[in-house]
Amino acid sequence: MTENKLPAFEGPVCPLPMRHDDQIVMGHGSGGRMTQELIARVFAPAFSNPILAQSNDFASFPLPADAALKGRISLSTDSHIVSPLFFSGGDIGRLAVCGTVNDVSMAGALPLYLTAGFIIEEGLPVETLERVTASMRAAAQEAGVQIVAGDTKVVERGKADGLFINTAGIGWIPDGREIGGELARPGDAVIISGALGDHGIAVLSARGELGFDADVRSDVAPLNKLIQNLLAAAPHVHVLRDPTRGGLATTLNEIAQQSQVCIEIREQDVPVHAAVRAACDMLGFDPLYVANEGKLIVIVPAEEAQAALDAMHRTQYGEEAVRIGQVKADPAARVLMKTLIGGTRILDVLAGEMLPRIC
Amino acid sequence: MEFSQAFRNGDLVQRVIAEIRRTVTRDWVIMEICGGQTHAILQSGLDQLLPRQIELVHGPGCPVCVTSLELIDKGLAIASRPEVIFCSFGDMLRVPGSNQDLFSIKAAGAQVRVVYSPLDAVKIAQQNPDKQVVFFAIGFETTAPANAASVLQAKAMGLKNYSLLVSHVCVPPAMHAILGSPDNRVQGFLAAGHVCAVMGYWEYPPIADQYGVPIVVTGFEPLDLAQGILMTVRQLEKGTHEVENAYSRVVTREGNQAAQAMLRRVFQPVDRNWRGIGTIPMSGWGLTPEFAGFDAENRFDVGHIQTQESPLCIAGEILRGLKKPHECSAFGTLCTPDNPLGAPMVSSEGACSAYFRYHRQMESVAKK
Amino acid sequence: MCLAIPGKITEIYDQNSLRMGRIDFGGVTREACLEALPEAKVGDYTIVHAGFALNLLSEEEARETLDTLNEIANIEAELGLDDTEISSAGM
Amino acid sequence: MTENKLPAFEGPVCPLPMRHDDQIVMGHGSGGRMTQELIARVFAPAFSNPILAQSNDFASFPLPADAALKGRISLSTDSHIVSPLFFSGGDIGRLAVCGTVNDVSMAGALPLYLTAGFIIEEGLPVETLERVTASMRAAAQEAGVQIVAGDTKVVERGKADGLFINTAGIGWIPDGREIGGELARPGDAVIISGALGDHGIAVLSARGELGFDADVRSDVAPLNKLIQNLLAAAPHVHVLRDPTRGGLATTLNEIAQQSQVCIEIREQDVPVHAAVRAACDMLGFDPLYVANEGKLIVIVPAEEAQAALDAMHRTQYGEEAVRIGQVKADPAARVLMKTLIGGTRILDVLAGEMLPRIC
Amino acid sequence: MEFSQAFRNGDLVQRVIAEIRRTVTRDWVIMEICGGQTHAILQSGLDQLLPRQIELVHGPGCPVCVTSLELIDKGLAIASRPEVIFCSFGDMLRVPGSNQDLFSIKAAGAQVRVVYSPLDAVKIAQQNPDKQVVFFAIGFETTAPANAASVLQAKAMGLKNYSLLVSHVCVPPAMHAILGSPDNRVQGFLAAGHVCAVMGYWEYPPIADQYGVPIVVTGFEPLDLAQGILMTVRQLEKGTHEVENAYSRVVTREGNQAAQAMLRRVFQPVDRNWRGIGTIPMSGWGLTPEFAGFDAENRFDVGHIQTQESPLCIAGEILRGLKKPHECSAFGTLCTPDNPLGAPMVSSEGACSAYFRYHRQMESVAKK
Amino acid sequence: MCLAIPGKITEIYDQNSLRMGRIDFGGVTREACLEALPEAKVGDYTIVHAGFALNLLSEEEARETLDTLNEIANIEAELGLDDTEISSAGM
């Protein structure tokens, strides 16, 4: 027995994935380890600069001195490729707006303006595009941002998947606000704004390929108002992040890595809706690795944790917020989980693409 | 009632473990043969809570891990054919063959589809009459009925474009192989509950008698596993070797007779090569003559597949507990999880990969 | 091997020569093959693997198992053993 | 004879395209009339706001008063879908960086930061991605901008075309600088920075489908330094725009429409390289409708025209700058061309996708 | 020498036009039959520079515009078949059929490819042996040799998956139809230079004689066109009706004999329905019996295609110059460029679309 | 109808039973079928439509045509007519 070792749990993966370093495979888009490796190997060296190296959901930077800007700018982008385009609780349009509003907001920024780039496969019904843009408008209105620049490209049939939408967003970070994945400190409380895995399971169910119907709605939502209310009540928040692709486990690992701390969560406190858990049981998924699109991880000094929770509970999308763990010093760059039955294991990042298991 | 949640009750698990502590007086080696149970044990951290005297060793019960390299390479060759839609359970996609995995060939243009059930592959065959649909039929006795049903359905529907690449393995021969080894360390068995849901456990008393080991049919929730271990330890301490059932809500002694009849019609015992172990006589199932036309190995001539596990690999000794991974000359150098030379490095729960990762990453992590 | 989960049969029908059913896993439903459960009826619980119902589930047996385990637990609680360890396990 | 009418020339189009308003067809991505109609019908009403309504290559806006920003922000986005990924004179990476650097710069802004969103088709060689990102780095260095945020998505084979790259860019517009498509005034001079059509013909040749080889290199280049030098010499420039998709003709029409002026150009002064002209002759294209990726239209008060030309001639990418026409009052919202032989015709926007003609 | 640029010399063009001004004494109606020449005239603005006395009328020489609705609908039906790769010249893609165009069906999933040459379609057939490759063989005598060569090549290569959907039209019968009309206004012809490059102009003297019209073979550069007009006007003013050649660098009286022989082997005269005009006897070419196996209309049964041009459309009268577009009851209301009811609204250079666009957009634009 | 352009033959070869050639159109080259020009040789000019060489081009005839037109132009220049109109045409 390896008594002095904790078992690592790399998401639901058996066997270990083969290394893919000659061609791109689906796992490179999983948001997990393969994505991180691709970024480290290809993108980071090519684009290397201190702002990119922050490795947050947003880039944060000042403007030239002549611009006299107080505070900083937050800039972020995401491409959205969801299939199907419409699913229970949302659609690609809402996703595209909320995803970038959220990433921009993770700086504690006031999100202001979005760009939208559409890549359309020929043959898409114009009515589909109208439904998507109507949904984008509604989401932008809800978030209080404006879509101010756009682009439209059409590709031949069979060279896209209906519709891809890229959004980029810009926000303003007030002077003195310091929030980032590198700022988690031992003693901090770890809060999640609600139940995990709704988005991933809703989309997988809508896709229909695995033949199941789940009574689950995507949680896709703009989180900027939740964040503004949170920051008013708990101004010393250290980290904000939305656990999207790769899920809570992968996102916490990113933070633990950036801050060189240990994050410890308690399985019994992690909220998961019953239907999501049932779907995960069926497919052999772990809800901690399933994508969310309207959830917020908050890492805050313990003394502000209750104020943060209270503020979140009073805000839409934060009613089910709960404290799930704390930050410790060791082992640095690790996420640990106290299991339901009292064990402890390492929660690693998602290894590759999440796949239904039989075993 | 909620069957799963009730058996995840942490409080009750801890109290059963306390009973194990009270029961155990000396060292015991217990094997859970089923990879799903290994998974559940690691995921819940159950092993950490057990008294030091109990060593759990993990059996070869992961079908994706024990599928032979040759069959994987055959699957890759068949899946690469332009007329084939190759269907598989999801976890098979990342199993490394000699040079590739299903992910690579999919990225290179092969049609590979993940299905939840072989019956979904039959639907795909029905919807694509101009394609050959091949299902990679791996699994133990639990999965065999689903695969058998898919063949029965395809036959009833008159589908000429559906076939199975069969890699079925069976539990009792593997137990014999493990227990019959001269250097066997296993003193008690947790029998795989879902295999027994189909097969029952009437096959086990002769094994228990022959080798003098207790065998307890065990489920998959933390409470099931704790109970199975408790019942095994109680027998070990008492010196008995009964076959007991700790999963009576699902398993009966006789198993599912209808399912067994279906299996006997579609499958027959064959020798099977287990990755990392070698060939075990009559340890697998192949299609019966009645269904030989549904055998992808007959339908597709993939030429001569030449594979060889690395001569450096000492997986056989490791799987029998004779050597530790770091005693292998290839460990951590030529053989890593990124480039596995053998099965124990392929599986994320395999001994070699576990050793590799713990030694690499965990030096600073003390047990709680 | 053999991820399988319990669910409740909500519908039974024939499809392409197989006995099939709709199973409710608690907010999630899926089709499964009931070919090996000729006696199953709507409302029964079954355990499903890879879209195939392996066996019926016995609610009675489940309760008995839980009762037995609770007895063990109660003995343990009465004895008051290992309390420290349990709480240190983070529950 | 219609003696009192000028012939309109809708790019090289015969017959008139059918209306496509139920499904997206390739023409909706042409950058011409169909793209404009799609924007007007679907995107503009959905996202309607005053900044978007500026209809420039960039969105220009202030920040909240608390930010104390002097000047304004310029924000732009484009998705890049070129096939093949590599062509004579450039590749998708250089294109993605330069395209957005240029659009941001058309506000007279100092381009500062880019985001990059990658949509990758599974099976793409990682080496291809490395070549593309190296090219992006080189282009970003040349332009003096930083890529500060990125995103990677992988789609299944057959659901993309190797690689799509979206870039969004942000720049700072110094206080008092007013440049935009709505600011052309009668009397202004119209300048083009060099020969037309190189990019479109280089890509078409590289694609190989039409079986010709052209001795033409794409002009893809970052124009921000050209613009900075130009503005130093001619501070009252009214309009800057890069004639990309849809070519010079379509872009001038956009300006004429925004400014409600007539733009008149002289065919004999419009520079076109011989090989581009030969390829156009062969395919029945008009070089005025072929895409450029490193050319600049400058509309400047006549009294600064010579200073503008002189500054451009001294700068890389502006050596061949030439005055091609002027702005007039009437007919408003029209582009006219004096032909080589002395005729005059309306130069309309590109109608749909440009296709090789036999007739 | 640079053949194109020399004939684009604006200065020389203007001087030739000045000569036309000096020559002309009264009104003349001249038709350029070729759509390519119409295009060149509009693109260069040549018509604006001509003296008012000369009216250029635009003939039916645009193959994409005169291809009959029935054949377009046939092409759409064939192209929609899953086994077909439908190849076409680019400008055919936007020609409206009864309900769709090639763009729509391509967007809906049909395999439609733009080629520069029919020989490229043969290559596609060679590369896709499991597909049927159909080339939409439209065009006048100029395009016919390329289409014929593609069939000859496919036959020599033994390709069984290549065929033509033939819509060839011929110039001389169209000239007869125009000049023989009781209300003909055309007094002189610019003959299509590239048709004559293949066919020569030996067929034209009988036409010039029969109707008493001068015919001048004319090229496509502004200088060619100015020269052709000058030579026609000179004849008109003199009262002669010779066939002259203003394109002697490309055209000889006999044309290209080898090309003509090839055409005679592959094609034979057939009646042809011209969109907007109606059926003109023996005005087109179809495949000869030797090559009937390459006829897509024989290879694909597309059922009965029922089309009808709108009964409101007075295209026939408009194309003969008898009525003006705004005299049509559908003009600008039921019939617009977005929803054309007839051929003159389909073509961007058609009279109806030109009228529509000028009246809609150009009210404020005076002639320079 | 019949967009066709002049180019120079730079190479002649047989391909799948047809006489083919490479044509240089001035910085742009493409393959064309020379089946109807059995007498053509490298260096000749031809006029190509849809990948098919329609005929040879005669440089001599081109020059003669241009000479004729230049004569007309010169006459016109000597007469000094229409100068105003010409310059108003924007040249």
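The letters A, B, C, D, E and F name the chains in turn, as written, and every chain counts its residues from 1.
We take it that contacts are C-beta pairs under 8 Å (C-beta built on N, C-alpha and C of every residue); 3 or more make two chains touch, one makes a residue touch a chain.
Not measured: the values here are computed from a predicted model.
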| item | value |
| --- | --- |
| Target chain E, source chain B, minimum contact steps | 2 |
| Chain of greatest Cα-centre distance to chain C | F |
| Distance between chain centroids, defined by C-alpha means - chain E, chain F (Å) | 21 |
| CA centroid of chain A to CA centroid of chain E, Å | 59 |
| Distance from chain F to chain D - Cα centre to Cα centre, in angstrom | 33 |
| Junction residues of chain A, two or more chains touched | 23-27, 122-123, 211-212, 268, 281-282, 284, 340-344, 357-359 |
| Multi-chain contact sites of chain C, meaning residues that touch two or more partners | 1-3, 5, 26, 30, 49-51, 86, 89, 91 |
| Multi-chain contact sites of chain E, meaning residues that touch two or more partners | 4, 10, 14, 35-36, 49, 62-63, 89, 106-108, 116-117, 120, 139, 143 |
| Chains touching one another, given as label pairs in label order | A-B, A-C, A-D, A-E, B-C, B-D, D-E, D-F, E-F |
| Residue ranges of chain A in contact with chain B within the complex | 1-10, 13-20, 23-27, 209-212, 268, 281-284, 286, 330-332, 334, 339-346, 351-352, 355-359 |
| Chain D - residues contacting chain B, complex | 122-123, 156-157 |
| Chain F - residues contacting chain E, complex | 1-6, 16-18, 26, 30, 32-33, 35-38, 45, 47, 49-52, 54-55, 57-59, 61-66, 69-70, 72-73, 75-77, 81-82, 85-86, 89, 91 |
| Residues of chain A touching chain D in the complex | 21-29, 35, 38-39, 41-43, 46-47, 49, 51-52, 58-59, 61, 63-64, 66-71, 73, 75-81, 110, 112-113, 115-127, 129-130, 133-134, 136-137, 140, 146-156, 158-161, 164, 166, 168, 170, 172, 174 |
| Chain B residues within the chain C interface of the complex | 1-4, 6-7, 10-12, 14-16, 18-19, 21-22, 34-36, 49, 61-63, 89, 116-120, 122, 139-140, 142-143, 145-146, 149, 152-153, 156-157, 192, 194-195, 197-198, 220, 223, 227, 230, 246, 248-252, 255-256, 258-259, 262, 368 |
